[in-house]
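Below are two complexes that have chain A in common, paired first with chain B and then with chain C.
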Partner chain A sequence: MADLMNVQAHVRLGSNAGQSMTRRDGVLKVTGRAPYAADRQPGGMLHAVTATAGIARGRVAHLDTAAALAHPGVVRVYTPANRPPLAEHPDTKIHGFAWRMEALQDDTVRYAGQPIALVVADTLEAATEGARLLNPRYEAEAPRIGLDGNTPYQPETVSIGRPPSLEAGDMDAARAGAARHLDTVVETAAQYHNALEPHAITAQWFGDRLEIDTPNQAIGLAKQSFATYLGIEPSQILIRSPFLGGGFGSKAILYGAQLLVVLAARDLDRPVKLALRRDQMFGPVGHRPATRQTLRLDLDEHGRIAALDHHTLAVASTFDDFIESASNASHSVYATTAMRTTHSAVRTDTGTPGPMRAPGEAPGSAALEVAIDEAAYALGMDPLAFRLLNYADTDPSTGMEFSSKALRECYERAADLFGWKDRPLEPRTMRQGRLLKGWGMGTAQFPCPMFQAAAHATLRADGSAVVETSAADMGQGAWTALAQIAADGLGIDIDRLEFRSGQSDLPDAGVAGGSGHTATAGTALFNAGADTVRQLADLATNDPASPLFGAGNAGVTARGGRLYRNDDESRSEAYEDILARAGLDLVRGEGKGAREGEAQRAMFSHGGVFAEVLVDPDLGQIRVNRLVGAFAVGRIVNPQLARSQLLGGMIWGVGFALHEEAIHDARTGRFTNNDLAGYHIPVNADIPMIEALTVHEDDPFVNALGIKGVGELGVTGTVGAIANAVWHATGVRPHRFPIHPESLI
Partner chain B sequence: MNLFDYTRADTLGAAVGAEGALLAGGTNLLDLMKIGVATPSRLVDVTRLPLSQIEDHGGGLRIGAMVRNADLARHPQVLARFPAVAEALLSGASAQLRNAATTGGNVMQSTRCSYFMDPLSPCNRREPGTGCSAIGGETRNHAILGWTSGCIATHPSDLCVALAAFDAVVEIAGPAGTREVPMATFHPLPDANGVPPALAAGEVITHIRLPDPGGMARHARYVKLRERTSFAFAIVSAAAGIAVQDNRIVAARLALGGVAARPWRSTGAEAALLGQPPIETNFARAAELALQGAAPSGNNAAKIVLARRIAVRALTLAAAGTPDRMPALPASVFEGDDHG
Partner chain C sequence: MTQTLNLTINGTTQTIALDDPRATLLDVLRERLGLTGTKKGCDRGQCGACTVLIDGRRMNACLALALSHDGAAVTTIEGLAEGDRLHPVQDAFLRHDGFQCGYCTPGQIMSAVALIAEAEAGLDPERVREGMSGNLCRCAAYAGITEAVLDATRTMTREDAA
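Up next is the complex of A and B:
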């Protein structure tokens, strides 16, 4: 009952949120008029290109800057010898969400692809050739590559500042009482975000004021970071980031070349632009590292999980600490009397990993779902029945109750649509013609974090409004979903709402990441609208000339641009009339979004994903023939956009299971597939039939709007579902992702 | 990208003997220039040469070197007489690339060996005598036939595999006159120090000629194993044609892709099929012969098994007959005739 104190009374949303609505920026995008950072071409602009290291470990002994400078059009070559000073050393971790970066601080090479010089020229072509002409000579050392490339160590934290291990319950006792146990080792490959839009920046100084166009998922934080490195005030910096052509985590954190471009623009007193080539995005802008995960499930005589042990060995860089927190994905999915999750890492000569769509959860869920499927088969149980037997009614890692968890309904809806009940237990028993057919499933789960966001809402004299927050639209539809929430906060129709966003001089919307952006920025926007309506209500109910006079602020309701008396709906007044009589041009409200206090409940989105694969028995080629997911994600702000997000996540799951894999040559540390011809992601033809359903879920605890996240959830569950379907089709249990055809023959 | 001169040849006479790299669709050459693998000082644009016709040629076809891949794949006579050629084309690259890429350019495209594509890695194919970096490296996509210690790269074309299977001849014009080379031997195999050029300086491919396929016109398939359903190079692939009379094979064609520095035509396998009934055991024996001498060039022994099996698959599908309509997923192993 103590929980009741934490119940946030559900706010009433009006006629905007909850409706399917196409993207407000859709027409701009399909007509090519949506401005992206690299589209900006200020007059007098110079082009920058980074020269990148061709070795993975050692030092740069010589750069032929003379040859580069002699090339027609080359204006300046920056190397560690002449790089303009920074106020803060690039190796400093300036805050918890900052990486040590490469900004030409010295001649050390820490990974292949690291920027070792910046060439600035009149044209992109001249800068590119100038970079090539630098023709570096190195003193190289043998690189340490891959999971076995170095001695593992024990990290102090995993992910962003999280503890590396957790133990709940009595592992020894639970194991001692178990009837059997299963051991599973699963490896996942290194993956690179590969957003369609490359990382880009255009920087221009106006005296001591700096303007930056760059796609960024957290421009408030980026502004602070730039200011720290440059030794100027954040107020001197304006960042524009209206649209991102995908970010997936790789555009949440600054990288060194952005600083170099800003320095070059100041040094040369000209605007400077840099857009990374595809191959240059393999290294300096983060990645999901390879993992080797060891799971042990101890089962009691009824098939209940008595003990769950999940250890992750993850690849890390030599100069910073981002450890893929894959084991943590096992914390809250299945009931167990005891659990232990641990991590170790191996320092290799690679760029520092970073958060990539469902960081930790994606590889962790993949391994866990494979292990769960193995346990179900060992017990002779249907995989869904086994999951229901081990259904977690409380979070086994903390003992907390879930804020809401409609996972049973998800399983039921998706299994029903999929036709799961007809599944034979034994593998390699279903055929479609000569092809092997298999069915597998996985549980999707993703936490519901909230960050910090602020917003303004301004109601104008004509009854229209503008809301302002720096929110990033990465293609996920934030501009639309957030506008829907804002319109309801203001009690107006969305077509009367102007949504101003994507600039750092607006109230900070926090990070578009962690699947918490809509909840966090949405709460701020709703509160800003509510604050505005509160002021309106005060004006009207205290004005004897108003039909609302005397109703009190609790006695009116806002909708459709009017305030209505609750006790007499026939008495109402339009916003513009209230403002006019008060002699006001506008009313302005402010709002914040954040989770208040310590969470007293476990807060997660959930889902059940079911996959059908066909496998050619001779050639091992895999086709995901059907993919059905049902998800419980709290209140849905925009069903159409939420579905797109969930489908996108599931398609990432297909890529994780079957395609995505960055390959290093272990001898040189260089990539052998750092382009989109070699680094495969799914194509349309790989996704014949896919469906994402949502089940109704009211969550009075997660936040006042009842919103959970949808961005990353679909990746989890899907990878395991596909791997388990491949096993069911072939009888070969995949223990390595991506699953290669060769491994199935 | 280095500075270079751009010129255009509007007549074959201007192109033959021209100094510089020939530029057609540019779908491969420009990529190589951008990454510094190709550094020509001069480009000769040959896209306006009058070589964009597909002509009837005694029951076969004569295809101009500048015919775009997309036009070739959709040409009624190609679909009617050489459906495996169309299927191979449509299984390669993307629609946008096929719109730009030409027949001659497809033949002349470079290997996608990642070490060839990395200017920092020594490569005999790029610079003879410098060594082969692929050996001992990441070799999943490398050769299992015809390789040497000098080079283990594969030719990436789908089109050339089908052309080689169906006896295509490459017509070449050069400063010293014209010559012809069978597609099956056009691409040189490596020696210990590198790979000789397929064309001499100043030579230009003018046409690809395909002879009358006879009874194989409606019994021809191309099958391609790949990790994703489109826009991926073959792990292994096979083109096959079969003609059968009275349940006996009277003509057979078989070529493998993704296995060697050239499309791997196996006349030995074809000869072994003649006079035999078109059944799987015979196809399996032919496939064994086609893979005779195969050896892994690294950690790619599985390709030998896969190549053998895809040869059987292609022969089986060819014997069953070419579908009336191009499959929705051309060359896909999931577009067989016996499931659905």
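Up next is the complex of A and C:
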């Protein structure tokens, strides 16, 4: 494998990466030809439908399998009584990214909407009716629902394996010296990812080989997981996931029905397809849990934050441990001399929560930004001035320098475009017609993790190339942005690049999540290209017949499919000529992407978001009227796609602030709104003038390519900005999300 | 009991031996005719991913019982482009990045085609936003969608005038 630092002399980013280009998969998507998992129709395919629990806690006492089987077209009904065996219990945590799941291991019901049977039939209609005819009877127990539904407990970890608490500096001393303090409590509602594409799987066995079509954000890991549960080798499994119709975290983790479909396909020796119904996506495939967050800010006499205390109580399931790490969102945003962040959780009869776009950060940022706004007003300060007074020049949770942080420029540019300087300090002072108008702001921040990825690059005799990595495109633009990076790694024009991805038999690109996929898989692709070019340079510079002979290994640069001597640009040679003279059909390179060693710097993307809302004084109806964000996200690979990602994140912020809320009936534990009519997400008419600017940022530390991430950042900051604008319009401080109109009148 | 269903789909009249009267137009298109460009997002008429044109009007194919549209002309996303030449709305969605994951896109585009036909006095951004609000986009590509619809309207108006 090539070491990036050694090959930088040969290749560099900038010919393809950095340009706006339309999506390479765009024509497929606008013509309806992009293949999603549920579009697969192998010959002889059967349709599966899960029956799901109508209670939240108890056991299934009876299923009328005879009635279901008697329905024309129904082929098989799987229940705990006849479910084929698995090699590993579905409640085993086979690795840190495996959730306990329901694959008909017993008759227990642990949340409403849990799968309790799988009906397989010739047609979707027959399978659907078969599932209905099961007519389950239950022994129900009283469900434990909501933040106060059970006794809180102290989790051992939050998020995935992270410590539940942190203390930095001397809290007692910082508090003792403070001039004033402010307490605030913010609640956030349970949210469900609701990708437009329902979770789906098509499975087909060829002897002992299994082919699966399923949208998945981490194909390599999914292959390992399926192999473990099935007791077969990963090499026996091929997963295709070229396109995900949205993921947002909910398609990173396996769920029980996927295992059931694979088992049914083997048992029946027929391909089987399952697509969850929309209501069935509320439960088994993760969600963002409700939180109650308690913040205390201690301020010194100058208005600087002396101590920051952020506690989160988060809803968890009764049978697994994913705790929303909301308090951690306060770690690195504002300067403070001391901080404490803690978490507790409450076990309720719901599906296990999981990562949902900006997990931890989204609800944590929402609460923090509300508290910051309250503090600014208590001090009589402009909210932006207060944030600048408390600007973190180093990470207060670790003392580390930031790898880069152009947040001041973000504030400045967004505030300028928004017109923030004209904002009156007092609330309820601006009007537009009869509507109350308010302006608010928030700080966006999201970490820049890197995971593990591998890639191959192969340069062909005609100077074209193919790169391979199993990256997942769930809409963020991997097919395009990663190809741009790969082309630069190879020093060729992107039109000469074939990009192979989305299959599990390719080098593992890791997880598309955490806003780290482009940085991680991009680094692997770039390195693979650079490794290829290095070999090519070796061939040319050691060949007396080449115009590059004697240039030395570092004395050439790749560009547009040619190598140029650095000391004499008039001497160059095309890749195909180098290969032809060497008698080679191809040159193949490999690359990896990962962060080397322990991070020595704090690495974050940043932004400033400014919102204008209009509120009806009689009805409390809230409209976001303008939304402007400016973001510093390191190197931008494709400005058009980055803008789309940032805008999408900001609109998720609108949904968080004003719309999204899954409601349980406390008596039955069932949802009252598990569909897209009742669970509101922003529609086009909710989105007014919206803009996402980017601020130039060179980051030599985050990774060799200088790439941060854009996928989740926009959600943070925006929620608080809208809430603070609502306060500024009405004088009523929102302490619960989504903000309900009736709370304002 | 098999029943006969006549549909003109993307200009081609087909006689379909329908195996199940419960089948929606969406499931007939997707599961029986292999026209999988039309997507199922909710199966309840709440998301718009399955929007097709039935006799020129935009409708949610998931709410349309196939048999009740015997004799209808149906246009799906597969019927818009002429060979490699994209329909102006498809082209505008591509250029304005009016989508991300692409799953709602066929429905958005079909809805936009109908919206442009419905509009009698041109389109302003507010009317586009309102008129496209039956089509949810969870990636939230709404800014690009609105820009694309306005752009395509201008293109198609020019083409009509020419």
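The definition used in the following text is that the second predicted complex is superposed on the first by the 733 of 745 C-alpha atoms of A that agree within 3 Å, B and C clash if a C-alpha of one lies under 4 Å from a C-alpha of the other, contacts with A are read in each partner's own complex, and residues count from 1 in each chain.
Heads up, the rule we're going with is that a residue touches a chain if its C-beta (ideal position, glycine included) is under 8 Å from a C-beta of that chain, and two chains touch if they have at least 3 such contacts.
In this text the structure is predicted, and so the values were computed from the model without any measurement.
Once chain A of one complex is fitted onto chain A of the other, the partner contacts of A:493 are absent, as it touches neither chain B nor chain C.
Look at A:685: by the touch rule set out above, it reaches both chain B and chain C. Contacts of A:26 after superposition on the shared chain: chain C is touched, whereas chain B is not. Using the contact criterion defined above for the overlaid structures, shared-chain residue A:505 touches neither chain B nor chain C, since it reaches no partner. Of the two partner chains placed by superposition, only chain B is touched by A:659; chain C is not.
Once chain A of one complex is fitted onto chain A of the other, the partner contacts of A:538 are absent, as it touches neither chain B nor chain C. By the document's definition of touching, of the two partners only chain B reaches A:672; chain C does not.
In the superposed model, A:741 makes contact with chain B only, not with chain C.
After overlaying the two complexes on the shared chain, residue contacts for A:88 are found with neither chain B nor chain C.
With both complexes placed on chain A, chain A has more residues touched by C than by the other of chain B and chain C.
125, 129, 677, 682-683, 685-686 are the residues of chain A that lie in the contact sets of both chain B and chain C, per the superposition on chain A.
Interface of chain B with chain A (complex): residues 1-3, 34-36, 112, 114-115, 118, 120-121, 133, 136-138, 225-233, 235, 302-303, 305-306, 309-310, 312-313, 329, 333-334, 336, 338-340.
Residues 54, 72, 125, 128-129, 132, 279, 432-435, 614, 616, 618-621, 623, 658-659, 663, 665, 667-668, 670, 672-673, 677-678, 680, 682-683, 685-686, 738, 740-742, 745 of chain A touch chain B in their complex.
Note for the complex: chain C touches chain A at residues 19-20, 22-23, 27, 30-31, 34, 36-44, 46-47, 49, 76-78, 80-81, 86, 90-91, 93-95, 97, 99-106, 109, 128-130, 132-146. Residues 22-23, 25-36, 38-39, 41, 47, 73, 123-126, 129, 194-198, 243-248, 275, 277-278, 473-477, 640-641, 643-645, 647-648, 651-652, 675-677, 681-687, 690 of chain A are the ones touching chain C in the complex.
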